[in-house]
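Below, each structure is written out as structure tokens.
Two complexes follow with chain A in common, the first pairing it with chain B and the second with chain C.
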Partner chain A sequence: MINLAGRDILHGWGKFLFTGIGLGLLIGVTLTMAGVYRGMVDDAEVMIDNAGADLWVVQQDTLGPYAEPSSVRDDVARDLLGQRGIAQAGNVTYLTMQVSQGSKEARVMLVGYEPGKPGEPEYLVAGRPLARAHYEALADIKTGFALGEQVRIRRHDYTVVGLTRRMVSSSGDPMLFIPLKDAQEVQFLKDNDALLNERARTASNPAFNRPNVPGLLEAVQASQAASHFVNAVLLRLQPEADAQAVAGEIRRWQHLQAYTRAQMEDILVARLIATSAKQIFMFLVILAIVSAAIVAFIIYTMTLNKIREIAVLKLIGATNRTISSMILQQALGLGLIGFMVGKLAATFWAPLFPKYVLLLPGDAIKGFALVMLMCALASTFAIRAALRVDPATAIGG
Partner chain B sequence: MSTPAIHIENLTKRYGAGDTAVDALKGVDMTIWPGEVVGLVGPSGSGKSTLLKCLGAVIEPTSGRMTLGGQAIFDESWKIDDLRTLRRDRIGFIFQAPYLIPFLDVTDNVALLPMLAGVPDAKSRSRALELLQALDVGHRAKAAVAQLSGGEQQRVSIARALANHPPVILADEPTAPLDSERALNVVRMLNQMAQQYQTAIIVVTHDEKIIPTFKRIYHIRDGRTYEEAGEGRAV
Partner chain C sequence: MSKLKIRLIALAAVVAGVFFWVVTTQGPLAAVKVTVDKAGVGDLSNAVFGVGSIEARRSYNLAPTITSRIARVLVDQGDPVKAGQLVAEMDPVDLDARVLSSQQAAERAVYGIRVAEAQLAEAQSRAKTASAAYERFAGLRTGGFVSQEMLDAKLHEKNAAQAAEAAATAALASAHLDQARVNADASGVGKLRAQTRLLSPVAGIVTARLAEPGATVVAGQSVIQVVDPASLWVKTRIEQKQAGLIRSGQNADIVLRSQPQTAIPGTVKRIELLGDTITEERMVDVAFAAPRVDAAVGELAEVTIKLPQLQQALSIPSAAVKRQGQQEGVWVLQDKRVQFQAVKSGLSTLAGRTQILEGLAAGDEVIVYSQQPLSAGLKVKVVDEIVRSKP
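Presenting the complex of A and B:
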């Protein structure tokens, strides 16, 4: 039996192909939106992986350090090391800021860490780890910085000595790693004018500037200029340690909040990017509805253009099944072309997006099934119209 | 005498009901024999198209009796699918315009009918080629419909009507778009095919050029038919 749908497609292949391409671009946008969501989740998971920690210790009653501000004294790490089950502790600071290199500017997440402790990037794609105590940096390649370049962060220039990959914040900003002391200064210390003003204000306060207490003013001013706070302490546990139990001990005895890896994932994926995910989901729903409406309209128009042929086919004895099958196959064919074009387009343009777009094969398979289902449903309008055609219309009068 | 290809008695068709009802057919009688080509002539609104639709099993008459090859149709036992099968296997249609399927080539336009009836593809195509050659369009068998002239398209539509060797062909003004020479050529072919395949052909027309070629003519006026002997002029 002749495949009527295939013959009709071949007869008007140009129109069919261009319609498929148009639909494909729309499907490509839909797949990309799904990829943007997957990318956000993956960024969050990669950030957790790259921290190399089993527990995150943060300020009590906060969701820090990524979702909320958190401030912990840096000597807490030493206390924690004395606790059973903890193998390593590392202080870290996180600060999202704008940095510049010559005329280039980049928005980065500045990470302060202690070399050799949790929080250090696990691998480099070029260069070497930090070797000096100050003014060296490791940059994610998405910052666009190259080895040996000088990056201006606040008052100081940092030399990029190593490059990393896939080290991004949950909002997609690439990470720039510097020594902890430098990061604390960047995050907590004030600029020179502010320090002078602060010193003057303290000196004019009689409570701190007592004539009969020598050294008090200097001590107060010194404490104002130094910072001993970090955003979190990352812990690596001993192999046999139970993360939940250790976290419970920390909460009880240190009066700090400790999150396990699963809890941190929950904070990042279910809470931090939840609103963005809903936003993207809404876009996906709207795009799917628009795609379905377009397919329905195209197939309906194509069917109406063949109404005389359909009447003739019915008159000469073609069954409703033959006619329905022809329209359904065309709708599915359009969906197939659209999906192939969409997948190809999404694959090509995904790397051009500023944020990570992750196109998963599983999503593509689900997308394909959804497109086919959508096309099949959309074809029902055209099938209904075709089946209502009276074969008598082929005969005049 | 053999069984008539078509026999109808006192056929009526009423559209609508109550005050707005219209009687398109008011008691039509007609008998057509196998191998015969008859004309059905009448002015616009006389009921030609309604009669053609009843004969073509497209619409159901209101009352009356109709047999096709001796078998009664439209009685209570008939269903929609039966009528579809009847149209496919036992009635051929030729339209005023050829109405060929534009996305099929010439051979497949003709072969589609036997294929729909379940005849294997190869056999359907060989039957189509045979008919196309008989109608002198065999050389255009692989051509697209759009590449054919009007006359060629009409011959292909005749071949399509004959594809399932139906006992009856209904031709609705098949010569309307053609000039005199081509119109007479079509009539000649219809006569030849009617003889060759013993098919009864009813030609609805008001084409003055071809009316004298029929041996029998049914005039239809106000929903009633009147039989008349035609000139049967040779073409």
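Presenting the complex of A and C:
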């Protein structure tokens, strides 16, 4: 028995192919939108992974350090190390700021960390880890900085010695890693004018500038210029330790807030990026519905265009089954071409997006199943229309 | 028709092939790209980096020892001073008068000694006469020419004269002591007077003039600061973790903020015993090899201290050293899949090499860079570089 569907496609293969490609581009957009949504959630999750911590210790009553500002004394890390179940503690600071390199500018999340402690990027794609205690930086490749370049942050120049990949903040800003002490200075040290004003203000305060206590003013001013704050302390626990229990101890006795990994994910995904992710997700849903409708219309109209030929088929005695399977096969073929084109397109243009687009194989498989289902559903309408055709229309009238 | 069919089938096969290739190599199913490097044996030149500020090893705060008013200040900031030079003077108030008074008291004490000496001479003479008279009367009494009563009276005269002589001797000694006391007083007042004069203890440069004439300063409050410019050095803060191999006498490169292009040679002069507990840093004082005076005190300086070279050490790029839990190790390739291999690492150099003490042999390949975090059993593809380096 000859394959009617194949014959028909061969007859008008150009039209069929271009319809498939057009459909494919639409499916590609839908897949990309799904990728954008996944990328957004992944940005938040990857940030948690990159911190490499089991517990986040932040200021009491805050959702820090990512969702709310938090500041903690940097010697807290040492107190925590004494607690049972804690293997490593690392101070970190986070600050989103604009940095410049020559004429290039980039919006980055500046991360201060202590080499060898939690908070350090786990892997590099080029260069080396920080070796000096000051004025070196690791940059994410998304910043556009290259190895050996000098990046100016406030009053110091930092040399980019290593490059990282997928180190981004929850809003997708690439990270720039610098030594903790430098980061503390960047975050808390004021500009020179502010410093001078502050000194003058202190000097004019008679409580601090007493004539019979030499050295008091200098001591007060020195204490104002020094900063020993960080945004969070990242903890890695001993393998047998229970994160909830340790977090509970810290909350109860240290007057600090501690979040486990699950809680941090909840804060980031469910609160920080919730609205923007929902926004994208809504758009994705609408796009998927629109795509499905367009697929259905295309198949329906394609069938209606062939209504005269179908009538002829009926006239010469083709069974309903033959006609239905022809339409169904064509619809599925169209879906297959569309999906392949769409997947290819999405794969090729995804890396061009400024923010991360994550194409999951699971999404692709789901997409494929949906496309096929949609095509099959749409073909049922077309089949109904085809079966209702009066064979007489083949002869005219 | 069949030709067209064949062509279409061929096209479909090509498209399917391209699709398959794209899905398996470009997307999330693709093998993770990594780069590898061999563990190499060679000399490792290590160094430690720190920042510090220029300070004077010896800085002198010249201050009065008692609360007083400044009478005059003779030098200003930037003036060179010689050792012993008068730089400022406090108002002596009544000290000059007291010096004069004590000088006069000392002169008076000299006269007091002379009086006591004269009195002693007189008493001695009197005692001698009384003694002779008694001898004579004793002889006469033996012959019975005088009465016993008269002899007793002469004996009393002799004893009285001798007592007077002893008293005069004591008075002379007292006069001497008196003179010593007055002299000591005079010298004390003189020293007090000298204390109001601030002298530079060394040849150096005045770095601060902190009070002006007429101002009253408390004891110990600086009026003038003097530093010895030959003793300028960089007080460098070094991470405690990296400070273990620093020894006095090691060479260093100093880069001043004002001259970022030139590295000035220096040497480690002293490693301070007290570290900073808050910042977890150790203070290392690095002196300039040649005496410099054009560096400002307080200027920021970057110091790279050169540590002894490690001869023929096995090393790998520092980026390859990873940590899993408490265990240090590297990722190695076994049949295109990665395995974690525990190693024991030694020193890390500023150039990004890490010495390997245990766990690897020369020529072993380790994974240096990867596109993603690695996990055991992950399939990878070895490439030359992950990020194309700029020409």
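FYI, the second predicted complex is superposed on the first by the 368 of 397 C-alpha atoms of A that agree within 3 Å, B and C clash if a C-alpha of one lies under 4 Å from a C-alpha of the other, contacts with A are read in each partner's own complex, and residues count from 1 in each chain.
The rule is simple: a contact is a pair of C-beta atoms (placed from the backbone, for glycine too) under 8 Å apart; a residue touches a chain by one contact, two chains touch by 3 or more.
The model shown is predicted, which means the values in this text are computed figures rather than measured ones.
Counting the residues of chain A that each partner touches, chain B and chain C differ, and the larger count belongs to C. Once the two complexes are laid over each other on the shared chain, residue contacts for A:P354 go to neither chain B nor chain C.
By the touch criterion defined above, A:D8 reaches chain B but does not reach chain C.
Of the two partner chains placed around the shared chain by superposition, chain C is the only one that A:G127 touches, whereas chain B remains out of contact. Using the contact criterion defined above for the overlaid structures, shared-chain residue A:T322 touches chain B, although it does not reach chain C.
Judged by the touch definition given at the top, the superposed model places A:G102 against neither chain B nor chain C.
When the two structures are aligned on the shared chain, A:V312 is found in touch with chain B, with no touch to chain C. In the overlay built on the shared chain, the residue A:P206 is in contact with neither chain B nor chain C.
Of the two partner chains, chain B is the only one touched by A:A394; chain C is not.
According to the touch criterion, the shared surface of chain A, contacted by chain B in one complex and chain C in the other, consists of residues 10. Every residue of chain A that touches chain B in the complex is listed here, in rising order: 1-2, 4, 7-8, 10-12, 308-309, 312-319, 322, 390-392, 394-397.
Across the interface of their complex, chain C is touched by residues 10, 13, 49, 75, 87, 116, 122-129, 131-135, 141, 146-147, 161-163, 165-166, 181, 211-212, 214, 228, 239, 340, 343-344, 347-348, 358-361, 364 of chain A.
Put simply, chain B touches chain A in their complex at residues 48-50, 52-53, 56, 58-59, 81, 84-85, 87-89, 93, 95-96, 99, 101-104, 108, 111-113, 115-117, 121, 160, 172-173. The residues of chain C lying in touch with chain A in their complex are 1, 4-5, 8, 15-16, 18-19, 22-23, 26-29, 49-51, 218, 220-222, 238-239, 241-242, 278-279, 302, 317-319, 322-323, 325-326, 348-352, 368-374, 385-387, 389-390.
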